[in-house]
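Both complexes below contain subunit A, partnered by subunit B and then by subunit C.
This part shows the complex of A and B:
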């Protein structure tokens, strides 16, 4: 177990500074290798054939002509992947069903969305691969389709799975539907709570599905030996997870697959699951050649999970003094083509910022003819927060109370029960709201057509399985290897914690992301867990190495090991023996490694508990053009409790990136379908993510309420920042135009319509 | 398939290559010449990850055909550092944490260098509009803008071209 708080802030030498990241230079010179940058001799190009229909039965697939084309070395369909058992495995919140997953990777009896993979080829050139796709004949029986969540819930909706009975309802329904599950979480007596309220505020909301928008399309390179051993180079949020899922989907032993982590060009949750890797592996196995697959942007939009869209209703009851006494929410989430939206997260996080005695959250996970959703930064939470924080804003306005004061009055504290059972255990929420209240932006006057919105948001953060190895080289330099994919600077934060713990200079520590055969298991870089959980593994490994170094110093001095301590990067003798005991530096011990016991190495694996949640509060000022309905974001301030910022620049960067994505989600981004159920904006021209000229400076406030369960106080920083953003923008727009906006994105036509009283 | 023979200059060096008529300059650079520093984010001219300069002008190499490189001077990210010395923009991106994942970085650096060649003293707004064709999904652009402005300041002070 990690010790509690090993360092106080003023003792820190490295943590809290802003060194240049150790993996930085190759990334500014173009030499860093991302997913698409690997090649091997004899390599083939893989391409995927995708469904042109939103919903159709596959009567037959004839690949013979493609197979016969010169230069084609392999063609695959779902027949090349073993059938999987129908069962939900893992904790309910993140349960997976491999029967569904294999169908997401490659369609079996039906195609369930436009862009659904149906076959794939590997050929000696991209051109030949493309030509071969055109020669594959698929006989489809086109079926009626359904795109929107409410349509999909109707009793007469076209069914994606003719035998899907909603889980979570007692007694089980006797008819199949597109509702994969219903969940209900509650505390207290919600009806009694509303009956006791002085004011009740209720509204319904709709959000569009949006894409994570990572700039690097999915890409990988696979090779397969005839003895069944395979290697894969892939950019993902977790090469150990990609290994496990790919092996399972192919029906091969995990031990036969070695995955090398490529640099990853953005993930945001979208690269937690495999899309191209199993396909490339099968093609490599069938062809006997290395196979590279790089998706196009259109394929990314059409085939690789966006975030869920939703329809929600939220109701809260308050007392005249501003106390919230009851809250209820119904959250209907689009899962996409197979079950598994983050609706449970949405239900859990929705009211978590607040101390409300009576709460009920009901969620529905609904399938429809869209790509299967994937995680996106704090999956689920920004969506429900948009609805809840909008209603909170309306409630504060109803009783003419300052909206941050209103939130502060109701804020959750340690001991406040959560809707899923355990009590909140950490400080930081109130501190974060107060930090935003004290920011000068909060009292800056506004002009005509301008509005200010605020919102707060909660995210669990994550701990879990991580491994780290620390090697002391014979010249006193240090190697830190972990199995955690580095999305945005975690090599820097992990090396900083190692340097701090060992008492050496930052640039003496070289961090690497090791492949699956070179280090113990590491779970995904997701859930804001890497600096927290992998950080604990690194610090523990450093401590183990320190123990070893002290023992060697004791051997050199011929004293008892108990009388040696590690302090300031040196072994020091604290015993009573007389004689010369000049402190021995790490380097001084390292050079003697061969005569004091050989290699100095420690590897530690943890399943980190003690997670502390993330909490953010944000402010947004907008100006709405009354002629066009266009929104300009004038100012954006994001405050987040980060526990402790290891490398403040990269922590600020997380807050800024989350806010920018939230602004895009609120104002521009959406999946737009035509009548035939085809995505009409599968490119960055029509799916518009914020560009530099769309955004103001994003001002950050790092609130540091340390997590006592982490050696440096880390809470996790990657996700909480996006949770309030949608609502902060929506509240600002609503205040600017004097009309509540209840649908995202708030595109100019929708705003004009609201300003013109619905016309 | 007949291939075309193209003679061009890449990062100051004479280069010859063969390419199919429909192959883009981006494909030639990455797949043919092994210069994978230039990235593909969209292939349709909408993200700027593939930015290179041709005769000093920034272009999306995904929208240029390989054959169009004939007789031109191409500059890619691999040619930005002067030997072992990083360009001030590269250094400032590192100092200001102007990158998170780094996939957009080569394109943004190439575009920013071109801005500073034309306008050594840009305002924040000018930088934001000049880089509006380069998507970054990680950073929210703040630290990218800071890095470019600081590099411009240093380059003016040092009279660096």
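This part shows the complex of A and C:
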């Protein structure tokens, strides 16, 4: 491990301050270029024909009339994409099956959900493209469909894949089902644990699929040269991953595709995989023109994956003193039209905040006639935490113990085993609960019809592959280029770490996100990894540049390089040679770059490890209108161990955003289907995300227990705090109405029903 | 079989304090005949993976592609150069992706 990957406690000049973000002005003046903002001469507009049915066999597709329409330059179907081998590739938890992926991008034998792409056209105008879609004739054999997870698991459920045999069961079942996979994690003796318990609490829960709700729809521009070289401008959470997946789906070499990262208007996990990019590339290849595709909001809801819905049962056994001695959870997740829900994450994270000797987590990944689910902030963990933290709350109430004290009594510490194997290695869990207990909100009195809920949650955080290049310009300014999409102000954080390491002012550092031909590989900006992993690459590159600068200073002074150190943004001579050796600033050395060896550049790539997990604890106060069942969130406090906040404002923003999304998930948001399996609320008027007037000012508490494996102590902040939000709201509502709410969203009709004894 | 642990002594070369290598039940069911625990002497992850691959041909590639590793609870990407301390616990777990 390089020395720079070890945290050292010292006074910092830039890290921890709140400078204006370097990408801020273009964004607030409307000049930032998002996915839809790119155009090229001769550009065509691409549009996608989508299935009107939830489940149907495609007997035939006739595109001849569309192709004959004046202005139409290309029409595509799945026949224009190569067939992919049926195999699960990569880690079981996030395994990719390209046979499924190509069918998600464009239906083949069957359509599996309403909105499933069936064909696409490229034309000289949007109007002509739209008209051409109406001329494509698809002959469907409509099939029975299934939407909800419990229905999809029934033995007589309509099958999406007639040959799907459940993985993870020995011996393998002898008949197909919609259950793609069963997983089981276990430590200790669960039955003995429950037998030793003084109290056992058990309940079942249900959550609806919810969309990430990013403001910017999927959009891209593609061009294809006749020599097979292609370029793509796209908004995504990882242009290197979009490049790899798109190239695979088209059957082209990765080296023949160059992807330029557009600004991204929100992703939250929903832009980790390609939707429109392979379609635009095929249309560009067929037409010989650049092709732009911009999805409508309705298409985003119907075609681009939401988070999974679920049904869950959680049971815990406790002693009278509040110790949890056993826990068991069964988590059944909707994967959507093809396998791949985050149920393994759910099983792994569910009980991880706690020290429980006997635990069993069982998960099921179930397909149904909905769009394929996509990741959403700490994918899987908020869902299972809703069930677990609700039962934890019930257990604390059963023995009349303060709910945060109950959690603190059972909190995981370094050395506590997890249900997924390793022992916890980091502090921060107990500190976060204590921080929330000490917050004034926790002891503020409540009034009639009001309730207070608390909850805690765990997320792994992530490291992985990142690259960074640092260029010193001749005027002493610094360019920091990385391959990591900036979803959340990471350019600012990376520039701050560079300024801190080099000893220069923040405004002398210009951070940029480089395209796939201009920097080494950078994995997705997902998993709360960018500030941690790419930050390590940036610091490593700065250290390399500093070594180079010291060597050049030695050349200028004609001294030995080992007698030069970098301190306070200057090279300083520490040897015994007499003479004038005034410190040389970065700028002074940069001016002499030509005579000291040419450009001053360092590029570093890392596969960053030493990740420390995120832990969050939250408090929510609500008031329930007993006549309408409407919930008003009065106060919300979110505390998270962030390791070290590089730019506290952006960390607070991440926590506030996570809480806002969690409140929407808990109270309002859901996909609503009609009897034909068609989504009826595919727009922001009917799919109700919380807006500013729905929310109180979300108060943040940044707990800083540094990660010893990062030069500035970073742990990662983008996901952990949405984990407890659903449960915090549910526990608050349950206390306000005196009834346990076991289904999300807690819409007014459901609350009224609960208040009226189920009527 | 997730809680079953079967020690395999076949991979140790007699070091005084070899690393303890553990797989998840799912992984060991698929690739090592449900053997979950091994004692391995190695200086880094390359050595660990190499010795496991010698015992179970093809396993090394699976480990590299499919897993993340927790060394004494601390999570790292599978990287050959990652040091392995004598007596440490190495847990190969499914690779992590987030949102």
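We take it that the second predicted complex is superposed on the first by the 751 of 759 C-alpha atoms of A that agree within 3 Å, B and C clash if a C-alpha of one lies under 4 Å from a C-alpha of the other, contacts with A are read in each partner's own complex, and residues count from 1 in each chain.
Please note the rule applied: a residue touches a chain if its C-beta (ideal position, glycine included) is under 8 Å from a C-beta of that chain, and two chains touch if they have at least 3 such contacts.
Worth saying up front: this structure is predicted, and the values here are computed from it rather than measured.
Chemist: Under the superposition described at the top, does placing subunit B and subunit C together on subunit A give a clash or a fit?
Modeler: Fit: subunit B and subunit C sit side by side once superposed on subunit A.
Chemist: Let me test your reading of the model: by the given contact rule, A:168 touches which partner, first (subunit B), second (subunit C), both or neither?
Modeler: second
Chemist: Identify the partner contact of A:611: answer first if only subunit B is touched, second if only subunit C is, both if each is, neither if none is.
Modeler: Second partner only.
Chemist: For A:685, decide between first (touching subunit B), second (touching subunit C), both and neither.
Modeler: Touch partner of A:685: subunit B, not subunit C.
Chemist: Of the partners subunit B and subunit C, which touch A:25 in the superposed model: first, second, both, neither?
Modeler: After superposing on A, A:25 lies in contact with subunit B but is clear of subunit C.
Chemist: I'd like to know which partner A:268 touches here: subunit B for first, subunit C for second, both or neither.
Modeler: Both: A:268 reaches subunit B and subunit C.
Chemist: So if I take every C-alpha atom in subunit B and every one in subunit C after superposing, what is the smallest distance between them in Å?
Modeler: 14
Chemist: Mind sorting out which residues of subunit A both subunit B and subunit C touch, each in its own complex?
Modeler: 212, 268
Chemist: Within their complex, state which residues of subunit A touch subunit B.
Modeler: Touch list, subunit A to subunit B: 18, 20-21, 24-25, 27-34, 36-37, 39, 126-127, 212-217, 263-268, 294, 296-297, 487-489, 647, 649-650, 652-653, 656-661, 683-685, 689-695, 697-698.
Chemist: Touching subunit A in the complex: which residues of subunit C?
Modeler: Counting only subunit C, the residues touching subunit A are 2-3, 22, 24-27, 29, 65-68, 70, 72-77, 79, 82-83, 89, 91, 93-99.
Chemist: Quick check on the complex: what are the subunit A residues that touch subunit C?
Modeler: Counting only subunit A, the residues touching subunit C are 1, 89-94, 168, 170, 183-188, 212, 268-270, 272, 344, 375-379, 414-415, 420-426, 459-465, 524, 526-529, 607-613, 709, 718-719.
Chemist: What part of subunit B is in contact with subunit A in the complex they form?
Modeler: For this pair, the touching residues of subunit B are 1, 20, 22, 27, 30-31, 34-44, 46-47, 49, 76-78, 80-81, 86, 90, 93-97, 99-106, 109, 125, 127-129, 131-145.
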